[in-house]
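Next, two complexes with subunit A in common: one pairs it with subunit B, the other with subunit C.
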Partner chain A sequence: MTLRALDFILGGPQGGGLETSSQILTWAFARAGYGVISDREYFSNIRGRHSYVHAEVSATGLPRALRYPIHLLGAMDAETVFTHFGDLAPGSYLVYDTGEEGKVYESIPSIEPELKARLRAAFREAGLDGTLGSLVKYLSASRRVVPVGLHYASVLSEAQKEVGIAASQASRYVSAILVGAVAGLTGLGDGPVSYGLSRRFPKKELYEPNRYVAGAVASYVKSKFGAPLALEASSIGQRELLVASGNDVSAMAKIVGGLRFQSYYPITPAADESFTLEEYESLHLDGFDSEVVVLQTEDELAAINAAVGAALAGARSATATSGPGFDLMVEGLGWAGMNEVPVVVTYYQRGGPSTGQPTRGAQSDLLSSVFASHGEYPRIVIASGDHEEVFRDAIEALNYAERYQMPVIHLVDKFLANTIASIPMPDLSSIRIDRGKLVGEAAGAGGYKRFDFSSPISPRAFLGQAVMWYTGDEHDEWGHITEDPESRVKIMEKRMRKLEIADSEIPEEARASYYGPERADFLLVGWGFVKGAALAALEDLSAEGLRGAYLHVRMFSPYPSRLVSRILAGFEPDRVIDVEHNYTAQAASLLAMNTGFRIRRSVLKFTGRPMYADELARAVKSVLSGSEREVLSYGA
Partner chain B sequence: MCAHYLPHPQYGYMGYCDERGIVFGHQYCEGFTPMSADRLIDVLRARGWVYCVDCRRALFDAEEVLAHLRRGELLTAEFMQDAVAAEEALVAD
Partner chain C sequence: MARRPSPSDYRSDVWNDWCPGCGNFGIVAAMYQALAELNADPKATVVVSGIGCSGKIPHFLSVSGVHTLHGRAIPFATGIKLANPGLNVIVNGGDGDLLGIGAGHFVALGRRNIDITVIMHDNQVYGLTKGQASPTLPRGIRTKALPMPNLQDPVNPVALAIASGYTFVARGYSSRVKHLKDLIKAAVEHRGAAFIDVLQPCVTYNDVFTYDYYDKRVYALEESGWDPDVRDESDAARKAAEAYAKAFEWGDRIPIGVFYRNAHVPSFEDRIAGRLPGYLKVPPAAEPVDSGGAPLMDADAFRKAFSKYIVEIGEG
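Now for the complex of A and B:
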């Protein structure tokens, strides 16, 4: 029997080759025509702590969310098995190193004390001696888990004899063992696997030995187990798929959207976007040559101010950061608001406050984005829910910034940033670049008023095109400092009026979306990466006869109040459920503030791990049965 | 434990043989040269530390080094070079 979808986890020590295994397999499955989504979870250290990749591969569609239990666990080390054995479905497969069977969980220093305490209790209850070997036997006997034991050292020794191993690249070959095991169990063909390997290892001297290791392991596994996790033939029907992380999609979109300057200070999970942009600083495409300047500054204060300076000079300008970095940017952002500077901040949300959970996801910076800064100034706040939305929103953020001459904050949660997904190729023909009102060379001809009161959106001249003044103090039409009360009223109204214009011009349908039947029995309200889990959970619930819908909010300033109110009016208040990755249900607060509708029921998760479709579906059922607040916590 | 075996810092079963110049699984060969307690203590005196791959920590005391050795754990003061680790390590700050 073949599978329609496969969920698997690959785990190992951070820095030990896991990223390589994940990339190769994602490319290989996508090459074979399957839809893939894979999330990576890692500790905030550089090397050694447990990290893992959780993926879903689908033969019938492009997967939006992850699920438990899993069909396959591929372990680079014993810690992976100790951490994830509870995730295995009955009858699932466990790939592990038989050389580690004697390893005892108590002796593994990187396992946190809390997990050790849980393991102690579980091992005591099952009567196990604490070794990996005893756990594997137990899983096989009690849960019908099929152990796929490989002696990794012997595999590598064999590879050394047959093809030689480059000493400095040895961890690559551990990656290849897992790639081969997954390929063997799933029956993934040699063509897609070779494609994945060649993408990762373009040089022959690395490609060949890795192909040997992966091929040898795949053949052995296939000969011993068959291909028990084979997927049915893909019916997705996409001729071409883009496989990329949220970070990479944002970088690609910024280039397509005409970005010419990006500043940043490295921070997780934002920095990957800037690293990708750095790879494309020089653009040479079909006779078109251009440059994107990517500037790594000394801190985030400098990053926002450099982006503001570039925008004043006429470059499409952005910066990318995360919570602690954004906090440092707030004063600069206020300066941009005061001076009507078109600058984009791509804000990757992680767990806070303070350093918080640097490598874990969250949606706890929504209110901070909407209200950050002293004083009042207009801003646009967009939040993307999946990779396709990231692509569109990253371009529109640049357009909105220049059209309405105000800061735009583009929220992307870490889950989305670090998730690799296969998506349809973006339609580039529909992309427009809007630079807003510009005066050009004419600005120098007469007296140029940068903040001309005759219109809320004043034509913009770049530095060097005219004489103009910028200051953090309140100012008049020319930019000169003034504390005159009548002038203050005029310029405040001018600035704030721009948000009303944006509200009237940006279609509400682009700011919120309704998914589901016209008349549903209940409504989930969410934003960001919740979208995928919500839509997948609704599919599961629909199979059980529960007809739900999902309201996805994509813009929080200006808020799509009319559309959201209209949708909410169709539901009993007790059948509306807020779903978010934070403790205080921040989006529900903003919804109440903008519509007067108070959502009383919520499903929340703030562990730093993504929301899984299965746990969300269970929580929704609890809420529909009367629970007011469900807090989710699944995931290692 | 062979004195010529320089283990990978994370995968102790894989290492570099400084005698034969190849990557090697952690197993015996005809050139096996046992790592003696005296030699380990000499290394500790010279470098100030010895690393236990199994426990993933540095040891600074001779008694401690000998205790780990008696437990059969993998001790070293030199590692196999891993030139690609940076590509696998994700940013974190």
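Now for the complex of A and C:
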């Protein structure tokens, strides 16, 4: 029997090579034509704490969500098994190091006390002695888990003899053991595995020994177990795939979109985007030239204000940050609103408040994005739901900023930022670049009024093209300070009218999407990374005869009120369920504010881990049978 | 401008609402004169200010002006200059603005050595909020509006600028307009981060550091034989240390003039140009981003640029 989709977890200590294994496998599965999504979960720590990668590989589509239970757990260390054994499905496979069988969870310092307490209870109930060995026996006897025990040290010392890797370097090859074990169990061919390895290790000195280790493990596992987790042949029908994290997709899109200046102050999970931009800061290919100034500033106050300055001078300009940094940017954003500056803030949400959960995901900054400010000014807030949306939205954000001369906040969540997904190659021919109303040097003649009242969107000249003034004080058409009451009314109306223009010009279909049958029995309403889980959960539910639909909101300012109202009108109020990653159902509040419709039921998750399709499906069933609020918590 | 411009060409018609007698009038007068003598193109000159009495200065000038946020003039100026290095960017800020709320940016500009001139209106008080102590007011001093004498020690602006890496560091006095004009010209012509600490009497709130106080004490460094210039790169540290020590001369005699000048440090723009070959020829502000509404990058270029992320499906 072959699988249509496979969910697996690889775990190990942060900094121990886990990312290497997962990267190689992601490339290998994609090379073999499968769709892949892989989420990286890690502590705010550089070395030693438990991290893991949860991936889904699909033969039938490009997956956007993850599921439990899993088919396969690949453990670098005992802590991984102690942390994830509950995730294993009956009949699943556990790859572990038999050299660690004697390890006792109580003596592993990196396991948090709360997990230890849960383990104590579980081990007592199952009558286990606390060792990895006892746990593996129990899993095999009572949960039908198939142990794939390998003695990692022996595998590596064998390799030392065969390919001459130095003893001091041996631990670096544990990642290759996991690659080999996954390849063996899934029957992934030699070709794709070598491909993944060669991309990760372009240098022969590293490629050869890694290939040896992975190959030896794969053939041992295959000979012993016979590829029990083989996937059916792929029916995805792509010739090539883009395999990248949300951070990287955003960086690529910004380059396509003509970004010329990005400032940032390092913060998880936003900084990777700026690193990627810096890597591609200078591109000179035949017929294509692009240079981007990437400036690491002294703080986020400087980041936003430098980005605004660059925009005044005429550069397509952006900054990228996360919650704590955004908080510092708020005053600068208000200046941009007041002075009608096209600037983009790519906002990677993580768990808050305060430092919160720096490496975990959330969608709890929606209201802050829409409202953070003293005073009132127009802004556009876009939220992406998957990697393809990130690509489009990152470019549209730059367009909207210039077309409507206002700040644009592009919301991405950590789940998207750090999840690597395979997506189709973007269709660049459908992309437009819109710089809005520019007057250039012509502005100079006869004096240039930057805030000309004759239309809400005044023709824009850059600093250097004409003499002009800007001020954060309330100002007249020239950009000089005025406190005149009548002028105040005029310029407030001018600024705020721009949002109405944006609302009338940007098609609502681009701001909210409906997925599902024309007549469905219930409606999930969500945004951001919820999209993938919601669509996957709906598929599972429809297999059980429950016909649901999903309303995906992509723009929160200006809000697609008419379209959303129309869709909501087709449902019984009690059959509408808000789904999001926060405590207070923020998107539901905005929906109520904009449509008058109060969603009474919700499925919420704020553990910092993504929503999984299976837990969402279960929660939806509970809600449909009367529960008003379901709080999800699955995932280590 | 065909004829040589005169200082009044750089004056806007906005009514100047500083208190009569304020030292800021001397600073703006020096700027009018300096810009005229530099024959500055009003379009290509951008005065960026913070918030305070000092922050209003762009509105009184007929070059482009960006009146920003309290403490943030330097980051705005940084973005403007790096996006278009062809612009002549001058920052005007208060002592509270630059050394209180904006001190981190002040230090960062020195480290980068961007070709920006910073003029600090040093009146030892927060003028616009009615006379509180600023970061340059000495401990134990009680200026007019203070309920009690100041508890905090002052920061020395000239010393801090040297320590931060500014490559042109000077002090001026708002009442010596011609001297200040020359300093501004030299600062603008210096390629790198330039700082001028301008002693600026606040006639409304500062009854300690007054015109009378300064008139008796200031003397010009250049007249005392001071040589601010780093002539040989290897001499930079010694010169900086001497200038640093000189910065603390304060009391009966207060030096004004150029303390330190080092033309050997590459500007940030040059550092960027080392990585972006087109940067100085076609800066970010001028580099095209589209061709007739279509992105410049086509599928082919995308494939080449981002091959690292592309997986071709296949056997081997």
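In the analysis below, the second predicted complex is superposed on the first by the 629 of 636 C-alpha atoms of A that agree within 3 Å, B and C clash if a C-alpha of one lies under 4 Å from a C-alpha of the other, contacts with A are read in each partner's own complex, and residues count from 1 in each chain.
Here is the rule we go by: a contact is a pair of C-beta atoms (placed from the backbone, for glycine too) under 8 Å apart; a residue touches a chain by one contact, two chains touch by 3 or more.
Treat the numbers as computed from the prediction; the structure is a model and nothing was measured.
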item	value
Touched partner set for A:Gln169, first subunit B, second subunit C, both or neither	first
Subunit C versus subunit B, contacts on subunit A by residue	C
Subunit B versus subunit C as contact partner of A:Leu242, first or second or both or neither	second
Subunit B versus subunit C as contact partner of A:Arg432, first or second or both or neither	second
Which superposed partner A:Tyr634 touches (first subunit B, second subunit C, both, neither)	neither
Touched partner set for A:Asp97, first subunit B, second subunit C, both or neither	first
Which superposed partner A:Tyr514 touches (first subunit B, second subunit C, both, neither)	neither
Contacts of A:Tyr138 with subunit B and subunit C, given as first, second, both or neither	neither
Touched partner set for A:Arg40, first subunit B, second subunit C, both or neither	first
Partner subunit B, residues of subunit A touching it in the complex	13-20, 40, 42-48, 51, 76-77, 97, 99-100, 107, 109-110, 152-154, 156-157, 160, 164-172, 174, 266-269, 271-272, 358-359, 418
Complex contact set, residues of subunit B against subunit A	8-11, 13-14, 16, 21-27, 54-57, 80-85, 87-93
Sites on subunit C touched by subunit A in the complex	14, 42-44, 46, 48, 51, 56, 58-59, 62-69, 71-72, 74-84, 86-87, 104-105, 107-108, 272, 275-279, 282, 284-290, 293-299, 301-306, 309-316
Subunit A residues touching subunit C - in the complex, by the definition given at the top	27, 30-33, 189, 191, 194-195, 238-244, 248, 252, 255-258, 260-261, 263, 280-285, 287-293, 295, 297-299, 301-317, 331-332, 335, 395, 422, 425-426, 428-429, 431-435, 444, 462-473, 479-481
